[in-house]
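Next come two complexes, and both contain subunit A; in the first it sits with subunit B, in the second with subunit C.
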Partner chain A sequence: MNGQTVVKEQESPMKRGNLRPVEQRVVTIAVAGNPNAGKSTLINAIAGSRLHVGNWPGVTVEKKEASFDYQGTKIRLVDLPGTYSLSPYTQEEIIARDYLVEERPDLILNVVDATNLERNLYLTVQLMELGIPVVMALNIYDEAQAKGYRIDVAQMEKMLGIPVIPTSATKKTGLDQLLEVAVSGEKGQQVAAPHQLNYGEDIEAAAELIAGSLRNSHPGLLERYPTRWLLLKLVEGDAEVQKTTNLTDQSLLSEALYHLRRAHGEDLEAVLAEVRYSLATGLTREVLKKPELPRTEVTEKIDRIVLHRVFGIPIFLAAMWIMFKLTFDVSKPLADWISTMIAGPFKHWAEALLGLIHAPEWTVSLATDGIIAGTGNVLVFVPMIFAMMFFITFLEGSGYMARAAFVMDRAMHAIGLHGKSFIPMLLGFGCNVPAIYATRTLENPRDKALTALLVPLMSCGARLPVYVVFIGAFFPKNGGTVLWSLYVMGIVLAIVMGFIFKKTLFRGDAPMFIMELPPYRVPSLKSLMIHTWEKGKHFLVKAGTYVLAVSIMVWFLLNLPWGVEHKRDSYLGQVGAAVAPALSPLGFGSWEASSSLIAGLVAKEIVVGTMGEIYVKKAEEKKAEKPTFAQDLQTAGSGLVKALGESVNNVTSTFGVSSLSTAEDAEKLAERTPLREELKKQFTPLAAYAFITFVLLYMPCVVAAVAMVQEFGTWKWYGIAFGYQMVLAWSMALLVYQGGKLLGFGG
Partner chain B sequence: MGISDMIIATVILAGASYLLYHSLWKKKGHCHGSCDGSCHKK
Partner chain C sequence: MNLAGLKPGQKGRIVSIGAIGPLKRRLMDMGVLVGEEVKVVKVAPMGDPIEVFIKSYNLSLRKNEAEGIAVEVLA
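Moving on, here comes the complex of A and B:
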């Protein structure tokens, strides 16, 4: 495959059907680079695909693809995980290396951060060992120029023997030139294999000796693997390569490496790494000229404040508080509007529609009290979820999230982890499931397991609907603060549990890790929108799948045995009633509360859906006259305008600007929905806070359980998470309720 | 509850169960998808 860029498609169904074959050139391009070099942004800019882009290390874990046509050539881009090297130590490095060695793409597109040339070239040197044609995208070139860096691109091309194209993925410059080079094989100007860099006399001699031995004893290996790469891996004693190549004959290697070991010692891996670093350093010195007196950069100025030893953590907590307050204030009026729509017009319209087709009466109840009440009460929180995802995406894209991980590094060390583990935990604020998958970015199994155990304590978006319903009913004036307290409680308990685990299940010191802090950037609005949608759509999909399915099942469980008069006597009611005494000391020992918690085991937002099914019917029964279709439409229109106005108004009031909102308005808003009205009769404020504490902490949802089992290949860690979280949830809710009562907050 | 009601209820419950099974258990392996909607696996 080396040096060839023309590949014809495999036999297609068209061919098999004796139709005229359509031969289209397919060029497979593997996109490789360091984290934060802008790989995903570059692919987005080229292919228009919507890959997730973060501004801090460790987000891109999965291999992703994008296919498109360019000048008659089908280009298949394969986005490899961001790695600093091709050593088989992290999951990302293994994925990237296996793909390049075994799949042998036609071309490697090496995305290099021009502002961090030396560090990025270390990977370039390793990619060049593979003998696959390499094209370098010298990305973030505009920022490098703005910093006063002068990069001699022509000299770089000459020294490396590969095309080097300056690009800016965010400004979409240089991309056409990059694609031109990638498909240039068609014009007879194939991208050649890169230069073979000289690793020094000793290493080259040892590699040649091994090559000679392999030609005699294992000639197949030299064809199967890239020769240069294989030889260098055998020189450095790569255990994985020795294992996969079945080179158990150590005498073959020890003879060839005898002189090398005598000259450099036993650790030949370190020797090779040093050589590669020297090459990267040397290349950088040759091609890069930095201004003699570097300007004090904005990033450094901001970092002096946000990474301050004393103020770092308070600033992080303040940033979180602002985020939650904004989320709550901006989205609440819209959420209330959707709630009004679901409780009113949507129900009326569903009833009318089913009445028209003479559907059985129970199906009307299933549709309105089951599907609409269950799924609808979850959909109410769509504005809130999207608002929070927007702010999280903004913090990620701006570069602050990496700083948050950095300031938490010391706290993380206290629990036997390092700051890098905080990244999956931060992702957990969005959804625990991708956060659990993100633990694969951690290098050792101990860190992975410990982080995955703590991730469910990070309050995910699915729990938000439960909080908001209760906050709206009981704490309308201090919504943002109550919400913030729950998120902080999750973090504090994660630190406490981590400390306990460190002393019991995971003894040992935290490994060292150097964290990369990308420069601050203002994320583009388009990028913010795309990534907010990517994060939030998962919630919509869940509403249309898990939540819908469980809402239907819950309705049946609440109505079986058939004809049951009181929901308390239904199957779900009976199970709830059996569990209720255990929750009594926590202040919410009713069958309704326990039934909702049981249903929420599938996904936490279902707690709200189930409450909608249980409670709302009672409240609805009191209403008499139904409005007409025209009245419903009028309510919807005027309600939306009012809600949008309130949202905008709340943004200003968040920052202390005088607002039209008053305490009275807040009270009115809180009493508007039937579910909240009913909850106020069932819970006291203290019991409500104990309930949301329980929801925050009780066992991870089934979706997270599946993720954990898939990631670790065992039920062990999920079993531990289930056990400790149930105990923790019960204990903390007890502490809140009984402690609150003792302190005089009322029962 | 007549026989037709029982059939409708069974179909709805079976549909809901399949939806839950399909979305929860059948989607083994996490994939963020790609631009052509595929999830390339080696």
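Moving on, here comes the complex of A and C:
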């Protein structure tokens, strides 16, 4: 079957004085290959900025696509998830095979790691079953040559019946040739369908028997699916295929497979896997000559240190510490600069503009405190998301991510997680939002969901200002201990909840660990940049919309009905008052406390700001002179320079993590003195501790919520997180308050 | 002897794979087949998982996953 689509331009050729109709061929190319075969780098090198990153429908697996013209042909590249096989077990495999079988691309571009031929050819053998033309990019060819491998490319082409082109995605060699072959059909040399490999007498006979009976009983099936693939899947007993074709217990199958089962046993799936591997092994033996004495590989040398029994963990922790520092400390000055810009110059300019057109006061407030502040809430996350994406992509591309999982798996597996869960959990202490996005490094949906559910229990940087205000007011002597107790409480509860979820929501076998430890490689900068940029952009557009909407909603709650004298009469105050009774067993059943908590939906640090607004009378508001436009511009410029300087400084300063340090907050604390005095009147120390416990545990902020919904493509996990965290926050605060009272810590 | 029982540096030949279903298929897809030679390279610092060398690449798996893989010790 020739699936090439021809798009004819509808324009009349006569009108343009051109007698030949303009035809543009569209060739859809699916890119398939093992993980770590350099598929991403190859696609980035070919498509570059034309690449569009999204998700496969309904799942959390990334989908990359690009469309571009090459020598008059329109090429549509679709990147399939990296897989080792086309079996129906992992999400990635199901996506890849469904696409290949259902969508039938015109061509499969099979990216093969030349340094690991045998295991890569196992997938090639399976791709060839589909009857779709295959072109092989024999990638990482330069590295294979450097290792002294000699690969007989011509022999490989002959044996497989497919074009094989040596490439190096990092050095950008062979790429043009690859595209040329891919579009060569135009010149009448259509890439032919690959050879049909012989799977051995027994299997071929069984397949023939099935084909014979299907021709009579189910002729439609042979039309609908690639014939050879269908037959082999039926021999294999592929559960998915049996289900979709309704051939589960048909007698035609058991008759056809009778001899095969007698000769090879019941597990025909294993028999097929063995046959495919023996084909891959045979091919490799024919075409690959390895040097007699293999040298000690760089990877082996690095692993001797990095996975060392004693030093392995300290090295890992040091690497994580650097990553944490780079992600949060580099982005923090920039984020601070953005929020200063939003709160200062942008707000002033908007006020001035609206003043010019004599806009009513409430619209000014909506524009500045609602829309501009809301935009600011999104923008402050951008530097952090970029930094995190850059880092995660680097860790994955370099090969260290797999080592990180290897080192940490024992500890993480104990609470039902995967070794790779450690990184998102750690990032959670900086900010839950990048942490939730970082769960994309986990392949298994169960591991991923469980990790994302537990991330919000890691006390993020935005909760710190709340703790600091309360600690300053109530526990000035043993502030360190109180602060420490909150972080530990979060971790302990994550372990407990991990156990509970493992026994309830995620009952059943833990997902497997079986994972390749790929050779270390230097990831290409271009690849890193494209990936980071795409993710950052994605966040801005998708998350931005939601966060802005919620910010505006909170503004309405806080400021309507317009012109209320007392905050108690605003909608927020009213909702707060309604909720307050539910919180009174926890020691803080006032409308002020509950309103502040509700406002914390935008971001947990907003709790402090709202409390300031509610508790401290507005009378003392400073009537500072508004800076002029020129001054604002100057502040913006010098602020940026200063921020960039600080970013660099934070990288080079070796000790401490500045985004977690309280030094700066102590500075701000002085401004909060009136609030602290007021809090002392409203809370007992025990109630204060119950309150910060509640802030630690209750619902994730809206940005984290959006991250969860966006990553998982469903509201389900956010719903569960919201529910369990509310229950947990309420029960823990109750335990603290009532338990504390019983123990005599005062009411 | 099973694969989890081999010490780092020890080689074995796979005799049988006791796993079933997706775990077995996954192992086979990764080249863990009967008759294959396998060498234990490392044990993770906390004692689990392990790293093995098979089909000229490095694979890591948890000990409980390796326990079902019976091997005869080669060296």
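Rule of thumb we're sticking to: the second predicted complex is superposed on the first by the 421 of 747 C-alpha atoms of A that agree within 3 Å, B and C clash if a C-alpha of one lies under 4 Å from a C-alpha of the other, contacts with A are read in each partner's own complex, and residues count from 1 in each chain.
Note that contacts are C-beta pairs under 8 Å (C-beta built on N, C-alpha and C of every residue); 3 or more make two chains touch, one makes a residue touch a chain.
Note that the structure is predicted; figures quoted are calculated from it, not measured.
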> So, does A:366 touch the first partner subunit B, the second partner subunit C, both, or neither?
Replying inline: first
> In the superposed arrangement, which partner chain does A:122 touch: subunit B (first), subunit C (second), both, or neither?
Replying inline: second
> Of the two partner chains, subunit B (first) and subunit C (second), which one does A:245 touch, if any: first, second, both, or neither?
Replying inline: neither
> Of the two partner chains, subunit B (first) and subunit C (second), which one does A:411 touch, if any: first, second, both, or neither?
Replying inline: second
> When the two structures are overlaid on chain A, which partner does A:570 contact: first (subunit B), second (subunit C), both, or neither?
Replying inline: neither
> Which subunit A residues lie in the overlap of the subunit B contact set and the subunit C contact set?
Replying inline: none
>> Residue numbers of subunit A touching subunit B in their complex, please.
In response: 47-52, 62-68, 78, 98-99, 103, 360, 362-363, 366, 433-434, 437, 534, 542, 545-546, 548-550, 552-553, 556, 562-563, 602, 702-703, 706-707, 710
> Contact residues on subunit A for subunit C in the complex?
Replying inline: 84-85, 87, 89-90, 116, 118-119, 122, 267, 269-270, 273-274, 277, 299, 303, 307-310, 312-313, 402, 405-407, 409-411, 413, 419, 512-518
>> Touching residues of subunit C toward subunit A in the complex: what are they?
In response: 17, 22-31, 33-34, 42-49, 51, 55-62, 65
> Okay, in this complex, where on subunit B does subunit A touch?
Replying inline: 1, 4-5, 8-9, 12-13, 15-17, 19-20, 22-25, 28-36, 38, 40, 42
